[in-house]
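Each of the next two complexes has chain A plus one other chain: chain B in the first, chain C in the second.
Moving on, here comes the complex of A and B:
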């Protein structure tokens, strides 16, 4: 018989390390339905019958964040066979606050007292046996980083799960409050029921989500009793409950924890933090780390050495070359076998589709090796601490800086980096605006127009202004989305600044690998399918294979070009460019090369080198409409790879389509304004 | 006085939490409850938020949030 064991604990308590330690690499990562909260499942590496569910890290089971709601719904509704509650022994008071809340649900549970090595090195001692006696649940000392105590923990957890032994109802609340809560429970149902007792506490806490589950005939009675609970609590039962929980914990700690008596000792972490968040040094250090993060992933002149590729670019080059070679040999083999032209084309487009997925993997890998290092080390929390002052004005977290910065390199890893944000709302908004940061692949488009239509003006300024436009639109979008689309959700900045710790190689590697695998599998199908579809549309019409000028795509371009009339480019070739740009934005240049005359690799290279290689563009575009076209392609739906990454992170098509819709509308409105204003200026 | 009025290095005892709803709950969930000792460690480089030590760990909160926490020296 298989059992399900859920892991619950505060953020930064070592839960992920423990999860990796228990499951090895046998993990499945996805999303909880409807929210951008990661869902991780695995199997105990020593017993395949034991399923491990990693719940999101939370400080409480209150109903205010997506993480908290997911965690408590899982515990209360899905009812795992047991919960392992990981407690960080170095900040035991705050960690036990979640413990008592889990006990209130009376789910069979085990406490894993983590970071016992750090506790000892501080000269403190935690009496786990005593704590276990008082709480009535097993308390196992562990060190998740080294795997110490893991066997004992799992034995205890499996045994609790199999016996189904519930913890006693913790005796937390004072007489009056306990009676008031009991009265609410009695109204909810006859007799002793764990669910009603738990709901009664939540109702006294003024929990709206639980409030809605009360049958309408009992609403009145419940309200009266909750009012009574408020009355005995000096007007605010929610505050009183939190307070009494902490008082109860205070007693536990007094009984079970021996402090060294040395008072507050300055740890290495405290010393490091004095430098990293120092008033003067913090910003330069932050800028340096951000530069390294960006440069390691994307730079072609790494550390300002000309032509020195960064690890990310170097790896990407190798993958591209290897794939190019493999693809060429394969196509050669298909041709040699005497396949028809369309079959060769199909094979080569499929290979392009796969290649498109492969090409991003090195970037994702390198960025997430670094990102998980920052995350696990504790620096990521300081990024928010340092940048909050600026970003809160846009209604975003300081951590939004990282995805937005990475967006200048490539939207794919940038979108995936949004996972590091604290709240569901911040993640959703940041993903919508990250593609507005002009990625590397969009630069050739600007270069083409700048060389052709803006030959007489300052071309650098033209390109620079496009980048600035992206930033401005992103900031305005964040403000608008916050004001109108997400207005009900409040944001706060009450968060822990965890101790700095040196991350384990294992957890950094597993995290990066999960990201690479997740992108390849989840985003890969989107990218592959859409690449092949566009290839088909641009190479076929109803009578078979043809040139792009006569293809279905050209027909579509002709059919939709009127949409772009107000933007100044009602031309089928421009429309086709928008579509091929979705495969990869730099494709727009190749498409223009093909449709506006000389079809050759040299054209593309000449354009990239800043030459005016496509004079025919001038017949279609004015300065204003060219600028509008650039703006439109900057802001409209990003390439399919980025859409795939969005799908992976949002975990739902609904949100992915909302984001794409928002981007399309934004692109249209901005390009329209650009065309109107531009026509007056130029 | 409020937590916002404490300077880095100063310590106080929490007297009450003034705000309501989600923010109050969050503040209390993080261990800032009446009677607890709280010490301001530092102010962020751009002047906000602040970092405090409470119940043996470091917590950061904005000044707008700190103003909701009444303290006694």
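Moving on, here comes the complex of A and C:
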């Protein structure tokens, strides 16, 4: 018979490490239905009949965030066979707050006392046997990072799950409060019921979600009794309940925890924080770390050594080469098999499309390995805090900084990083504006125009100004969206700063792999489908295969070019460029190369690097309209891979389309302004 | 006085909260309850870092103004 065991615990208590340790690599990551809260399931590596469900990290079972609602709904409604509650032994008092709340639901449970090695090295001691006696549930000391105590923990959990032994009703509240709560429970239903007892506590805590579940004929009676509970609590039952829970925990700690008696000792973490969150040093240090992160991922001249590729670029080169070789052999085989010209064309453009994804997969992997390292080490929490001051001016929280910064590399991982944002509003806005950060694939477009139309001006400044334009538009968008679309107050910033820890290689690797895998699968399918579509449109018309000038795509370009007339580029080739840019932004240059004079592949590469001009585009573009075209492609819908990532992170097409719509309108308005102002200036 | 007025190294006792219920509840969950002693362990432009129930918590200055403390 299979059993389901759920893992619950505070953020940073080592829950993910424990989950990885128990399940090995056999895990499945998804989202909880309706919310973008990560859902992880796995199987105990030593017994396939034991399913492990990783609940989101929460501080309590009160409904403050989507995570907490998910966790408590799962415990109360889905009722797993047992809960393993992970407690960080180094901050036992605060962690036990969740423990007593889980006990209040009376679900069969086991406490995993984690970080016992750190507790010992501090000279403290936790008497797990005594704690187990008082709480009436097994308490198993473990060290999740090393796997110590894992076998004992799982034996205890499986045995509790199979026997279904409920913990005793914890004796937390004082007489007055307990009686008042009991009175509420009695109104909800006759006889002793765990569910009603738990609901009664929540009602006394003024929990709105539970309040709505009270049948209407009982609402009046419940209200009277909750008022009475408030009265015996000195006006605020909720505060009193919290207070009595902490008092109960205080007694537990006094009984079971032996402090070294050294008082407060400054730990290594404290010393590091003195520097890393320092009023003056914090920002420069952070800038340095970010520089290194990006250099490791994207730099062609790593650590200022000319021509030395960074680990990311080096890896990408190898993958690209391997893919190129594989693709060539495959095309050769298709040709040898006597396939028709169009079939060969289709195969080769599909391979190119997939190759584009594979090409930057190594970059994503390296970026995520490093980001995961910073995240797991505890540093990212400090970064969010330090950046909060600046981002507050734009109506966002400091946590939005990381995704936006990553946007300069590639929007896809950047959008995925927005997942760490706590506030739903911040996350939605951040995802809308992250693609405004000019990604690496957009650079060739600027290079082409700069070399061709701005050859007489400072080309670097032209390119730089486009990057700045993206930042300014992002900031303005955040302000406007905050004011008109979301209308909610700037969220408060409150965040635990976990102790610095050197992450284990295993956890960093798993963390990064989860993200890369999702990216490869989802983005790969979107890219693949769109490549096939565009290939078809650019090579066919209704009478069959044809040149691009006569293709359906050209017809579409001619059909939509009027839209761009106010922006200064009412040309079918420019319009087609916008469309092919959605497959991958650097495609625009290749498309232009093909449509404006059929230049060779080498020339296209030289144009991309800004080394060569493409004189034919001068016939269509003026300086003003060229700048407008760059601005439009910077701001309009990102490539399909990024849209795929958006869909995945928003969890709905509705929000994805809203975001894309917002980006399109913004692009149009800004390009229009650029064209008008530019026509006057140039 | 508001907690925001406390300076690094000082320890204060929480006496009251201002602001919404929801926020108060979250503060409670993190160990900020009336009568609790909190120590200011760091300060910068974003806000302050506090030690509460043996855990380090960072909060912005606006929020620190909503927590009332006494000596």
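As a convention for this text, the second predicted complex is superposed on the first by the 639 of 682 C-alpha atoms of A that agree within 3 Å, B and C clash if a C-alpha of one lies under 4 Å from a C-alpha of the other, contacts with A are read in each partner's own complex, and residues count from 1 in each chain.
We take it that a contact is a pair of C-beta atoms (placed from the backbone, for glycine too) under 8 Å apart; a residue touches a chain by one contact, two chains touch by 3 or more.
Given the structure is predicted, the values throughout are model-derived calculations rather than measurements.
**Student:** Could you look at A:221 and tell me whether it touches chain B, chain C, both or neither (first, second, both, neither)?
**Tutor:** neither
**Student:** Just to be sure I read the superposition right, which of the two partners does A:97 touch: chain B = first, chain C = second, or both, or neither?
**Tutor:** A:97 contacts both chain B and chain C.
**Student:** In the superposed arrangement, does A:676 touch chain B (first), chain C (second), both or neither?
**Tutor:** neither
**Student:** Which partner chains sit in contact with A:388 here, chain B, chain C, both or neither? Use first/second/both/neither.
**Tutor:** After superposing on A, A:388 lies in contact with both chain B and chain C.
**Student:** Pick one for A:492: touches chain B only (first), chain C only (second), both, or neither.
**Tutor:** A:492 sits against chain B and chain C alike.
**Student:** For A:331, select first, second, both or neither according to whether it touches chain B, chain C, the two together, or no partner.
**Tutor:** neither
**Student:** If you lay the two complexes on top of each other, which residues of chain A touch chain B in one and chain C in the other?
**Tutor:** 59-60, 62, 64, 90-94, 97, 205, 238-239, 242-243, 246, 277-279, 282, 381, 385-386, 388-389, 392, 492-499
**Student:** For chain B, which residues count as touching chain A in their complex?
**Tutor:** 17, 21-31, 33-34, 36, 42-49, 51, 53, 55-62, 65
**Student:** Provide the residue numbers of chain C that touch chain A in the complex, in ascending order.
**Tutor:** Against chain A, chain C makes touches at 21-31, 33-36, 41-47, 49, 52-60, 62-63.
**Student:** Would you tell me which residues of chain A are touching chain B in their complex?
**Tutor:** Touch residues, chain A against chain B: 59-60, 62, 64, 90-94, 97, 205, 238-239, 242-243, 246, 264, 277-280, 282-283, 381, 385-386, 388-390, 392, 490, 492-499.
**Student:** Touching residues of chain A toward chain C in the complex: what are they?
**Tutor:** Those residues of chain A that touch chain C are 59-60, 62, 64, 90-94, 97, 205-206, 238-239, 242-243, 246, 269-270, 273-274, 277-279, 282, 381-382, 385-389, 392, 398, 492-499.
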